[in-house]
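Quick one: the structure is below, questions incoming.
Going in written order, the chains are labelled A, B, C and D, and every chain counts its residues from 1.
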Amino acid sequence: MTLLPDPLETSLLVLMFWGMMAVLGFFILRISRTFLSPLLFLLAAGGVTLASSGLSGLTSPADLHRVVPGGLPGLPFHFRQDPLSSFFLLLLGGAATGILIFSAGYLRSLPTLRIPSFFLRTALFLASMEGVLLADDAYLFMVFWETMALVSYALVVTESNREEVRNAGYLYLLMAHFGSLLILAAFFFLASREPPGLAPGLSAFTFEAMGKSNPTGGVALLIFVCALLGFGAKAGLIPLHVWLPEAHPVAPSPASALLSGIMLKTAVYGLLRVSFGLLGPGHLNYSWGVPVLLAGGFMALFGILHALLQSDPKKLLAYSSIENIGIIFLGIGLAILYIRSGHPVAGELALGASLYHAINHAFFKSLLFLGAGTMIHASGTNDLNTMGGLLRRMPFSGVLVLGGILCISGLPPGNGFVSEWLLLQASLQAGTLSGTLLRSAVLLGAALLVLASALAAMGFVKFYGIGYLGIPRSEGAQKAHEVSIPERIGMAWLMAGCLLLALLPVQMLKGIDIVLHSLTGTSLPTATLSSGWLWLLPLPPQGASYSPALLLGLLGLLLPLGGFLPRVFGRSSFRKTPVWGCGYEIRTPRMQDSSGSFGQPIRHFFANFFLMKRHLPDPSEKDPVFELTVEDPHWAFLYRPAFRLFQGLAALAERVRTGRISVYLVYSFGTLILLLTVFRWM
Amino acid sequence: MPPPFPQHLLANHLVGFLGSALLLSSFAMLAQRRMTSLVRIFALQGILLTLSTLAVAILSSESHLLFSALFTLAFKVVLLPAILFRLLDKLHIQGEVESLVNVPSTMVLGLGIVVFSFTLAAPISELASTVSKGLIGVGLASLLLSFLMMITRRKALTQVLGFLGMENALFFSAINATYGMPMVVELGVAFDVLVGTFVFGIFFFQIRETFESLDLKHMDTTSME
Amino acid sequence: MDVSPLSLRSGFFLEGAQLLLAIIGAPLLAGWIGLCRALLSNRSPAGILQPWRDLLRLFRKETLLPEGTSFLFRAVPYLVFAALASSTLFIPFLGTDPPLAPVADAVVLVGLFSLARMMMAFGAMDAGTPFGDLGGRREMMVGFLAEPATLMILFTASLWSHSTSLPAIIHSLLDASDKFHPSLLFALLAFILVFLAENGRLPIDNPATHLELTMIHEAMILEYSGPLLAMMEWASQLKLILYLLIGADFFFPAGLPKVLSAGALAGGLLLLSLKLLVAGGTLAVIETLLAKLRIFRVPEFTALAYLLATMGFLIHFVLEV
Amino acid sequence: MILLAIVLCPLTGALLLGAIGHRRGAAHLNVLISFLTFGISLLLVRQVFTTGPVTGGAEQLFSDGFSAIFVVITGGVGATTSLFSLRYMAIEKAHGHLTPERTRLYLALYQVFVLTMLVVLVSNNLGLLWVSLEGATLATVLLVAWTRTPASVKAAWKYFILCGVGIALALFGTILLYFASEKTLGPGGTALLWTHLDSVKSSLEPTVIGLAFIFFIVGYGTKVGLVPLHSWLPDAHAEGPTPISAVLSGLLLNVALYAILRVKVLADASLHNALTSHLLMGFGLVSVLLASLSMWKRQDIKRLFAYSSIEHMGLATFAFGLGGPVGAFAGLLHMTAHSLIKSAIFFVVGHVVQTSGSQKIPDIRNIADRTPDLARALTVGGLAITGLPPFAIFASEFLILSAAVSRAPWTLPPLLLALLVTFGVIFRRIQEMTGGFDFPVPRPLHQPILTFFPIWIHFGLALFIGLFFPETVGRLYHQALLSVGLTHGQ
């Protein structure tokens, strides 16, 4: 008997702690806002505990269960922490900690924010996300899942006095509900055997029982499609993504970070849980991997292209989330394809890369959203075109954001590179597949991935170059100053997470391997896991290798070499001068690139991905303004027609309502006659 | 125990005749254009109902049916028509009953309904152990004819008459199919009809007060939203 | 990890030699190309050492820092240089197995180039001038298709070895050099296009002009001066030679020594110099013959490279397996 | 005894309030009587579940577990609604909409209404059941027309005619049933008694019973509000005083469905086929679909929720049509949950309308700033009624859908679509009403504790059911369904 609680107990304690803190904090903060920081630090302590619980769940392959009274008759609350849950708990706890610490400084700078309810929502949001990861029966899962959707909706509409905020929130909740219904359908099909016995046999809804269900091929496909679309609606799967770039940006930045950095991953978790955990790899078909793979690739490309055109930094980040989720989906598709066509090693690698990318994205996207928050706070607007020159004024946070930029752009030696690299390595095993079509699909996926990744670099050059570099474009940006200490600590925490993930890939892969083993029963090659922390060898023995730590070391060695040269060859004195600018005398901030002009080449080249409306002013116009609106084509080609269809149906339903009693009597009469006829003559 | 089946041909004929008369009166109501005549036909229907109940009561020697007959006489022949006439008088309702569907088409529809009801009721009538097989069909037909009348007429009062006609048809069915319902039920039904009429009365004044007409087109609610 | 058959000492000798040769040779190659171009266009050449002279001159100058720039502006040249210089350690060109090659494979290499590009764009944008922004934007515009194209080319070459490790690729290409590979032909074509685009050569960019409408690279380094400018220039020369070295490795690997003996090394070096001189000459010819493209056509140019590379990749599976 | 008590309590109340309803304190008396009724209903349920079904009143009254559950719901919601109407009527009075006479009418009729519903539930005699359901119609017709506005008179008239016709058809069904049962049970009083019918149900003549069931479902179905017999429902809900909307929606519809279910048990045993199940499923599905589509154009907040009632009764009907242990359990749970939540929503809506001075949705704006508590309650109610967890309706919809998947998978897509549409429309409207432009603050809300007590009691219970549905209650529900014979599948 040990005094220390096991990981699941720890996690459940954190769940209760967050839930209780939500209510407690709400009432405390209603009395006084001064307790905000300590309360947030307490939440962050919960985050650290959770991360450690997740970590311990990843170091030893434990599979822990608890049944808690409640729920429906015959279906009490089931909790479980297996390696997959542990992995995502680590992600949740780790990223949330940084965000919460940041909030302690950031929220103080928002005078109009209703602090108590924001705190309540944040804490509940964290608790519900954790609940999703721990739930072990369909009912409890849905309770947490929908609570998460609701609370996140509440976070989105925190500044609900604005029309567009409410619309964004509405769209979000509607899509979330759409997804939830599909997820429900997936669960139902998994548990569709009529339970034996007289008691409402709800025990079929435990994940354990679902995991043992043995659906036929068609039903399995149905379950998979429902799960893919259902969780895809939450993850921003195209074409169910339209809410994401609307909803994520309008929330206060820490909330955006939670939404984009963490909540999207719960959808990934759900998809993996249903497809690999409940359905089981044995019921998947390799051919399902192809559409998932290509959808992921397309998402990555589509997301980043739209990101490139945004001038709201948070909207840019939101679209980039679509890109990153696309990469994760690409990996999942690849994994299904490989594993089910008899290439487990490449499949494990792809799945591992997906998981790796999920946790990477959690850290750097949170960091960047927090950075975007500081940018918006500094300039006073959410338009990149009012920013500029922030790096000089906010050097500490600016450097952290730069680090985040390098990571998200998938550049070595960042952490984003590690996962994309692993994914590419897996893709390049296409040669082992049989069938040109499969190979081509995988390679097309790889081609889309590298294209998206290169575009991401361009997008983030825009983000950083316009936001942090150059000269200030507005008075607000001119007067910007460095952020508070907790904000810096929070961002530094996330950066530290990125660094660890970047430099210790083998350690992380060891943890991921435990997840993979629990999901599919096979492991990564032993040589990969035993090659020491320095060397990443995904496909030994002949495969490629990578050593982020050595690379960083070499770069570090060569940097002073560069700095040394001027001293060898001559002088190294500096003098401040006005800019030269090719000799132009006038230099105003407006002469710099705007965010629109930076994206122009992309808009031009990928015109088919956008729906553009141009207004070219006539020379005779009094106030000639060139206007250009860019829209997501899904609105015009999917959502508006769907809405019109609904309206048409509603209008049809309206015709039933004539308002005339005689007609209503005819309905009754007709129904009666019809039923009698049917009964008598059929 | 079911009562002994009376093999009295005349009685059977009598009950059958009363049933057809009731059906005919329902048709008459469907065809009638004048308000006062409608009420008169309704009263006549009450008389037919009383006679029919009496006949069944005597044939089946069910004593409580006598009570029912008495009640029907008092209520449906005397009281209700009196109330209705009073209403007609008070509310100054006269003249033609406007119909939504013209009378000939209504009649054709009615004919169809009768055929339909009879075919529908045929297998049931086989099972009847009462004196009056086959009369379930008549009851059903009268019920649906009254229903049809409610659909096709525009004035509130005609709808009420249709409603009361349905009530008559139901009563007729109950008597002929099963020698009447249990006493408790019959009393309850009667009470409900009474209260219902009372409510109708209240309504008429309210409607009149609010809309200055009893035309149902004012009662249609399409304009409300 | 100990995949290298070389001893530690000779291994470090090889790496040191690669680094030195590349960074010293880069300006010389630039000088050679300049010489060829001058000859081809009937100008009197400045000599092969001219880039070196320029660099030394710049190093002796004072650095002028534009007002309003951040510390990133000063750090960028060193970062760019370090990223490219470190690449010299991973590309096998003196021997097939440099000991540090396992640190980075082909993908990392492209990542390093991309890092350098991004840093350069940041440096350009930090000055806050229209030209800097223009240069940064155009550089990224060239890059967003050229970089994936480069990767696809590397992937095509990696298909024989099933590995993106550079030594493994080269070994497999050396072993199979007697066969004709149509996919490699596509890759070579793509590579030439990418090479022109990535290194700011005609028809994408003209390194010799400061014409506002067309310039890319020059626009980015417009605000740099003195040693910082020297580092930037040097880095871009380094990039050029790195690309040529990769090209030589993949498309003309013959003669690359597999074992590290003095004779083999000398022979390999000689052959390599020859390859580079020919390549430089060819480049000069191409540049002399081609006119500058409109800037809007640039993505089409790089897209062509990307498509060619992807096709090579796919063709491998259709025709060659 | 207890059955007589539960009938006599509201009866006394009705007579008493009919006499002194215009005096001061009568409204409090109403609350007292309602809670007394609730107390008795609790005693009843205890007795039923400890010692088995209760019979009384010369065999005319009867209660088994199934009806006892509805009795408790009726008693409970009746009691909280009386509490709500206390505040509601006080405000109406303050606005000058009330005369003492009308107060008396209202209070007396309220008790009559509760009485008739209880009689429906505890009557052993299917004829008596019909009588009291008709009585409930009459009582509510007067209550709907109670405000005397043209619209309310119209609505009441429509309600009266349509339900009158419906109920007449149900009487024909009763006659047919009697006709059939008389053959086995003999003439006289016993042939309509549930206790007797139940024992001979399998030997009833199927042709007659089938016809009877059709008349029952069209007749009582009108009262349940099944599409296409529902036309009276939105108007009656919208135009009556809000407490009446609450009990109409929360209780009367339940009671009517209860009547159908009783008959369904008989019909199933006699018919030996899936006729009743198919009819219930068909009506349920059509109701759900049409109701969800009809919500989009609603401009009146009470009509909106009236359509939601149609939808939910449709769902419950559908669930019972599915049958099986899960389906029937889900249906019963759904009715319980819907009673609790919908009545609470009408409580909220009542106050929203009072504080906004209009029941047109476009006129109701910015509740969040005017009366934040109301906005909160409305939002919670909207989420609860659209089936978001962890409220009870989610639990029941979860079970209904799961039963649907295992028994009639093809119904899943339309059901899901309807649920999505319902959610989308209701949530949109609530969002519009709670947010929006600046709105004058004509009528603040006083006495918040008394106002919100019944509301939060209902939502709290719904939440509790959704999260911690007590094992014992689950057993009771199941036992009730089992004893009445509703758990058999198609």
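Methods note: a residue touches a chain if its C-beta (ideal position, glycine included) is under 8 Å from a C-beta of that chain, and two chains touch if they have at least 3 such contacts.
Since the model is a prediction, treat every value here as computed from it, not as a measurement.
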item: Most central chain, judged by mean C-alpha position against the global CA mean; value: A
item: Most distant chain from subunit A, judged by the mean position of its C-alpha atoms; value: B
item: Between subunit D and subunit C, distance of the C-alpha-averaged centres to the nearest whole Å; value: 78
item: Inter-centroid spacing, subunit D versus subunit A (mean Cα positions, whole Å); value: 44
item: Subunit B and subunit D, separation of their C-alpha mean positions in angstrom; value: 31
item: Where subunit A and subunit C are represented by their mean Cα positions, the distance between them in whole Å; value: 36
item: Touching two or more other chains - residues of subunit B; value: 120, 147, 150, 159, 219, 221, 224
item: For subunit C, residues that touch 2 or more chains besides their own; value: none
item: Subunit D, residues touching no fewer than two other chains; value: 157-158, 161, 165, 169, 211, 297
item: Touch-based graph of the chains, sorted into line, ring, star, complete or other; value: other
item: Every chain pair in contact, whichever chains are involved; value: A-B, A-C, A-D, B-D
item: Residues of subunit A touching subunit D in the complex; value: 69-74, 139, 142-143, 146-147, 150, 160-161, 166, 169-170, 173-174, 177-178, 181-182, 184-185, 188-189, 191-195, 198-202, 205, 646-647, 649-654, 656-657, 661, 664-665, 667-668, 670-672, 675-676, 679
item: Footprint of subunit B on subunit D - complex, ascending; value: 60, 125, 127-128, 130-132, 134-135, 138, 141-142, 145, 148, 150-151, 153-158, 160-161, 164-165, 168-169, 171-172, 174-176, 178-179, 182-183, 186-189, 191-192, 205, 207-208, 211, 235, 297-300, 303
item: Sites on subunit B touched by subunit D in the complex; value: 1-3, 62, 120, 123-124, 127-129, 136, 139-140, 143, 147, 150, 156, 159, 163, 166-167, 170, 173-174, 177-179, 181-185, 188-189, 191-192, 195-196, 199, 202-203, 206-207, 210-211, 218-219, 221, 224-225
item: Subunit A-facing residues of subunit C, complex; value: 1, 3, 55-56, 59-72, 74, 77-79, 81-83, 85-86, 89, 100, 102-108, 111-112, 114-115, 117-118, 121-122, 125-134, 136-138, 140-141, 143-145, 147-148, 151-152, 155, 158-159, 161-165, 168, 210, 212, 222-223, 226-227, 230-231, 296, 299-300, 303, 306, 310, 313-314, 317-318, 321
item: Subunit A contact footprint on subunit B (complex, rising order); value: 100, 116, 119-120, 144, 147-148, 150-152, 154, 159, 216, 219-224
